[in-house]
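Heads up, the thing below is written out as structure tokens.
Order of writing sets the labels: A, B, C, D and E. Residues in every chain begin at 1.
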Amino acid sequence: MAEGAIRRWLGSDMGLSFRASPVAVASLAVLVLVALSALLAPLIAPQNPYDLKQVFIDKAEIPPIWMRDGEWPFLLGTDPQGRDVLSSILYGTRMSLLIGVAAVAVSMTIGVSIGLAAGFLGGWVDNLLMRIADTVLSIPTLLVAILVSAVARALLPPGLREPFAAVILVASISLTGWVQYARTVRASTMVERRKEYAQAARIIGVSSARIMRRHILPNTLTPVLVAATLNLGLAILAEATLSFLGVGMPITQPSLGALIRIGNQYLFSGVWWLVVFPAVQLGLIVLSVNLLGDWLRDALNPKLN
Amino acid sequence: MSDPIALTVQDAVCLFDVSPPFLDRVLSGARRRVLRAVDGVSFTVRRGRTLGVVGESGCGKSTLARMIVGLQPPTAGTLRLEDMPRADGSLGRPRVQMIFQDPYASLNPRWRVGDIVAEPIRELKLLQDEAAVQARVAQLLETVGLAAADAARFPHAFSGGQRQRISIARALATEADVLVCDEPTSALDVSVQAQILNLMRRLQAELGLTYILISHNLSVVRHMSDDIAIMYLGRFVETGPAEEVFAAPRHPYTRLLLETIPDVQRPNRDRQPLSGEVPSPIDPPPGCPFHPRCPQAETACREARPALEAHGGREVACFLVR
Amino acid sequence: MLRSLGRMGAAGRRGWLMGAAVALGLAAFGAMPAEAQQGKVLKWGAAREIASLDPYSFGDTFTLATLNHVYEGLVRYTGELGIEPALAESWETVSPTIWRFKLRRGVAFHGGEAFTADDVVASLQRVSHETSPLKGNLPAYKSSRKIDDHTVEIEVTGPYPLLLNDLTNIFILSKTWMEKNNALLPTDSGKGIKGYATDNANGTGPFMVESRRPDARTVFVVNPKWWDKPQHNLARIEFTPIASAATRVAAMLSGEIDFTNVAPLQDLPRLSAAPGVKVMQSSELRTVYFAMNLKDQLPNSDVKDRNPFKDVRVREALYRAIDIDAVHRRAMRGLSRNTGAIVAPAIPGYQPAQDVRLPFDLDGAKKLLADAGFPNGFGFTLNCVSDGLVNEEEFCQAVAAMWTRAGLKVTLDLAPRSQQTPKRVRGEFDVISFGWANEPMIDAYSILIQVIRSKSGTGGVFNWGDWGRADMDALIDAAGVELDRPKRIALMSEALNIIKREHLFIPMHQQPMAWAIRGNVAAMVQASDNKPRLWLTKMN
Amino acid sequence: MSDAAPLLSVRDLRVVFDTRRGRLVALDGVSFDIAPGEILGVVGESGAGKSLTGTAVIGLLEPPGRIDGGEILLEGRRIDTLPPAEMRRVRGRQIGAIFQDPLTSLHPLLTVGAQLEETIRTHLPLSRAEAKARAVALLREVGIPSAETRVSQYPHQFSGGMRQRVVIALALAAEPKLIIADEPTTALDVSIQAQITALLRRLCRQHGTGVMLVTHDMGVIAETADRVAVMYAGRLVELGPVDQVVRAPRHPYTAGLMASIPRMGAREAVLAQIEGSMPRLGAIPPGCAFSPRCPSASARCTAEVPALPPGGTGAACWHPVAEPAHV
Amino acid sequence: MLAFLIRRLLNAAGVMLTVAFLAFMIFRFVGDPVELMLNEQATQAQRDELRVRLGLDRSFPLQYLSFVTNAARGEFGISYRNQQDVIVLIAERLPATLELVLVATVLSLAIGIPLGVYTAIARNSWGAQLLQFGSVLGVSLPSFAVGILLILVFSVTLGWLPAFGRGEVVQIGWWSTGLLTPSGRMALVLPGITLSLFQITLVMRLVRAEMLETLRTDFIRFARARGLRARSVSFRHALRNCLMPVITVTGLQIGNLIAFALVTETVFQWPGMGLLFVQAVTFVDIPVMAAYLMLVSFVFVALNTLVDLAYAVVDPRLRQDSVKHG
């Protein structure tokens, strides 16, 4: 069934364009690989870096396996605590992807709902929602995220900060993230609702809610899809930046950004593998996402074909 | 002439406030500006017949169409659909549907054709049984000249003409009595246009449909209409039976319009093009709105606005017609 | 200087020379001795900014150490941490509670005002004012009086052996200057008043503040009229805070700074290996240990009906579970000094016998836990500060892992000092990492009165986890009024023995300190209090 | 048809698009001439390739489209193989163009005068002042009142009809010998259409400019053109004097097309209609592209591609309509 | 035009009031200022007195009102950490950040626009494809990683450029500039590149997209059909039409740059507002955080308003008070 769907898709215009773009194929392959390895981290990682029982400080700062003092099973070496870098990266990737995907999903859900409501209902609802969007936009995203993280950490009782760190991050990224979706969806909703098919439904007597949901929503989602893909890259970067600044994931459940922050402290001590591998992984993920997003945008842009 | 009346429109007015925002008005001392899209139009349409409404862009004909189907509430005046007999003998309000100009925008690209055509049946609960719905959809598709199997396909698989057929099938699915057709063929090629016009004529004959055909294409209107109304800046300037209006136009605008239409049958004829352009409906000229372009305009035309008056079987709004 | 210029390239060189020329030009006004005119510029890259130029605004060791270049106290520590006269020439005790100080003559403030007894009295009043954040640094102070222009008497609340130690960090400001600038009282953030002294300085010290741009650069220039004979050859100190360790190391390697007083441990090999960079490394006075909350209930533990840490077996188990050699070798990079005591050897009160650790014994630890009724361990949170002690993140993680292997369920709570301190002060912790250097007293009494003594008046300010005991309190109070040094030390040692016996704290190590200098720095004194004393620095 | 040497001569033009799904032949074997001063109407339904023909002549085909065969000669000089820089000099100077939508054809941020002057000075050795004077004169010639003030206005200050006049002025700015007019009236109101076609006709007659008038509107062709070329699925199916094609079409497609136009004169019950629709580019049937829809198609029609009769006038059909169609 | 201006200003004021509200909420409810200001030994009487002195006993709207009026006068209180007037603290660091942002903006426009035009015109060329890929790489690399890398290469390994700080600055009134000294200019290079890298690729991608869009328009086709020179078509006609989105995005991005500068400032120890803010966050220095938030939003809103006005200047269609009607 799925195979059939994939085969059908590969035969469609999109699929043809996909097959003709080695960059898109490579990006998707990298992403699938990265996502799978991150999802299966508990099964394939040599070590659980969160389980302190498995971490021996005597195994600290072992270089990658191909170097002189490399040691099995630490393929990419260990950190100053004796944590396996490869395992940390797999778990960190899991964390980064999880936060990125969740942030995109949350902002998309909020943004699409608000955009649809504003575009379809118009009038004061539209006015109010768009003024809110203006205000959110008048504070730079990064600043909002830092403030939210800082404020949330100041308000939450200490015991809740760590378990909620990821939630706080998702919330702080989504708090501004929804605006783009809202604007996109609002714009296309305003176009779509004037289109004849929507008016035909109105003439038939279909209710507004139903027109919004069944007719207009599906037709506004193409740009949302592109935006979501490109924003996934941005969200992962935002998370990394916040963690790098020290207002993101704690050291005990590090994301890629937190790993880079930790690694950065060892930049000059010869323990380069701490910063290089997470940075490469982060760059690779974001690059693949962006390349895929770029391709998707071009492929879905009728004007380019 | 003895057909019962399906639609009565009485002094329909539709105004749009196109004033600059409040602040600009205050600062620049500008007045409120009103676009008089439809400015007092009255007519009746008889059941089973076709009224053609002709005019250039911006004359208000599309607004009129939207008012009839209820997409646009009138600012003033009434639009009344007369009850008509149902199949079971009872009287009921006629159903009005609309055929749109753009066959590409009138079908939801994400829906299968079958669902598009079935939507009104399901929405209006005309049939309860899903199998019956499917059967009805198949029947409708065949009625408009498509195959029943087309129900499973998406609109993008169809050409413009076929899409217009689907639109018609959707309209028929409501068991509509009155169809408002807003430029139904102007986006189609000539050969396809003929197919659609023929289909519409056939359906009218078979189902006793009433058409209100809005178009700028005089030959299409001529071909389709029993009665005709010429619209200029929100008003009717001439109405009457199509044959008579085309044979002997009374209003200067009608005359000039007929004169400017290129005629395939008379290649390379020399003619006098209508000069000037359509004035803005926001700032219509005083008096007769046509007077700036009218070759016969007199002083009176600049001062007062002529009303639509009966002249024989027709009505004309012109001082020069007596 | 010349070396660094070589790396700057031609364009950069002109700028630096211009800067130096300006400094020299300014200095020339003061009819400088020929030697000082050829003074050198020392570029100091610190790990953080000093909080203020006002020596009474923050009880922050680093801020005070830096301001010590501008301001001076009545007495000061030598490079070997002995006490020597500074603004006071001599002193005597008139009675057990009254000290008389003879002030140095011919000393002038940077602003030109002559130094007199009025300045001392005004300064003491300012620092002991109730809004002063440094009030606690002079705990026994009662009042002061001017006898004549160069004699001052200080009265303390009771017999107090450590007044001189305290006074090393009480800097003297000019009274007329304070009066003129409405700065007689400490800065009061409550009133929303910004003190003049926050941005301006007028001391008697070897250096004067030439300019200050917070977080960018503070420039000190030599005070040509300093009363003491300079043992340095600096004309100018350019102080730049560089918070990021990596950037600081980079700046050191590239020669943009000549000196940093915080060289990251992990970068020491790289720094030592770099040409023209020298690492100065030794052990600090600061002893690091873990302290367990001994209140009736632990706030973050899964044991709710009692506090497991009240059981000495549990405390011992935690102690024995630590493989200190691994911590030393890895987390501290072999640079710390493992200790069984909670004060450093240089601190009066230290006894070698206390410095013997319990051995690392994982099975023993597990057994102790089982005996105490926790065969499956229990859960608690380890509260550590990410910007606190040397490599605190690293050793806390390492110890957390070790405790986990002993069967405990450790949650590590790592956050900046600003976030951890409030929790610690409120007693909302299970176990904390802690370090105490016994400064400025350089005496075990410091930790005893401030950390170990049960809360009472000025005592036990840092007794956040109710680990005080009546028997220790008695010993501490006795030591506080004992003027006979051997007796006093015996009292203090006894108190420390109780801690050792009861495993009230789990000692870890004296933490390493590492400075880095470039080759152009010829001599620099690094005392174990980790304070830069740049007036003892010579450059090539 | 004029006896003079052709101004434009298109021979066996073939244009293809290389797409992921393979090569699409958009124009195949298109040949026609335009004499100086002659208006050739190119008519066809959407997708027939009429606009593409104009684009190919003016050398503005964009990838993936390209000329795959045949030749285009302007006054006997081959222009389809010119390097881009030389072709640029031909455009505007020798071939002018008018596009469908006057709303979008003018640069919104430049004054009408600036656009005119730039075009003039690109091609003619005139000073700034002379170019400006010529710009005003051109505007006046295309019938824009008070041209002196209008010249410094922006396009959005003109109405649709006036804008199309500006476009015509721009096309004529360097006195080209040939104008490609691509649906010049489609976007205009009915009453304005007549003004524009009349203007175009007048100007071309005055200047002796040849015109290739591309449109789907038989009415416009009938009124304006001297000769008509009918296109279907990328091929020319009929070429002839306008009178002949309109009144007595020889190709079944042309005949059907003419018959399907509702007449002004009388109201018929049913319009003649051609069943089906034009094939997509990727699915052009072998032989005569019209054969599946043709009432008189034979086996030959599905096997062999018919060509226009020698001389280039008549219908490309194996079974042309014999009798002149009844008018 | 005047109405437009007034409307924009009202809008901006509304946004600023909302942001002020957020700042006020943070200021007021994240950590009790009384607790933060007094030390632990303070008595209840002292606390109450301070509460009154700070106006915390007054009603909520009144407190907000006084916060807003104080903010409008530039009074944000005293920093908890530095004990300095917050506005003085910020004003001291403003030039450093603005100079960095200015350099980044100029770099992004000077490099981004030509590259964007090139990649659009020569869309399928080898170089354009490479640049396009490079631009994706540019937006994919986290700026802190770029900064670290640059320091590693140019400061540590090659020793060409300083790794931190602003170098020598010259004081002109209250403005301090590093642009006038060689060391100041040297110090700007690496942070400038780090901050502008993302921006360059952003401008380049934007210009490319807009150019591709514009190059497809009828008026460009028509300009080509008139035989205008390729240079004129690309720059005079096509690029001119792309400038408005570039103005918008550049204007909006300056606000984002100021915010993003805090990452660069952290990496390069650049003594600007961002560094101040990051330190304020670590120290929970609420007055500084609130003031920074207000200031950045103000810059953002002001730029936004300017961009809208710039639109009116660039686009003749907006210059007149003509009402468009259909």
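Assume a residue touches a chain if its C-beta (ideal position, glycine included) is under 8 Å from a C-beta of that chain, and two chains touch if they have at least 3 such contacts.
Since the model is a prediction, treat every value here as computed from it, not as a measurement.
Novice: In contact with subunit A and with subunit B at once: which chains are those? Just list them.
Specialist: D, E
Novice: Moving only between chains that touch, what is the shortest number of steps from subunit C to subunit E?
Specialist: Between subunit C and subunit E, the shortest chain-hopping route counts 1.
Novice: How many angstrom lie between the CA centroids of subunit A and subunit C, rounded to a whole number?
Specialist: 44
Novice: Please report how many Å separate the Cα centroid of subunit B from that of subunit E, as a whole number.
Specialist: Chain centres of subunit B and subunit E, defined by C-alpha means, are spaced 54 Å apart.
Novice: Out of subunit A, which residues touch more than one other chain, so two or more?
Specialist: Touching at least two other chains: 154, 246, 264, 267-268.
Novice: Quick check: what residues of subunit B touch more than one other chain, meaning two or more?
Specialist: Not one residue in subunit B touches at least two other chains.
Novice: All pairs of touching chains?
Specialist: Pairwise, the chains that meet the contact rule are A-B, A-C, A-D, A-E, B-D, B-E, C-E, D-E.
Novice: For the complex, which residues does subunit D have touching subunit B?
Specialist: Contact set of subunit D toward subunit B: 45-46, 159-162, 189-195, 197-198, 216-220, 222-224, 242-243, 246-247, 256-258, 260-265, 267-275, 277-278, 327.
Novice: Which of the residues in subunit C come into contact with subunit A in the complex?
Specialist: The touching residues are 244-246, 249-250, 253, 264, 266-271, 300, 323, 326-327, 329-331, 381, 386, 393-394, 397-398, 400-401, 404-405, 410-416, 419, 423, 428.
Novice: Note which residues of subunit A are touching subunit B in the complex, please.
Specialist: The contact residues of subunit A facing subunit B are 195-206, 215, 218-219.
Novice: Applying the document's contact rule, which stretches of subunit B touch subunit A when the two form their complex?
Specialist: Interface residues on subunit B, with respect to subunit A: 69-71, 96-98, 100-102, 105-110, 116, 119-120, 123-124, 167, 170, 174.
Novice: Considering the complex alone, what residue numbers of subunit B touch subunit E?
Specialist: Touching subunit E: residues 18, 20-21, 23-24, 26-28, 33, 35, 58, 280, 282 of subunit B.
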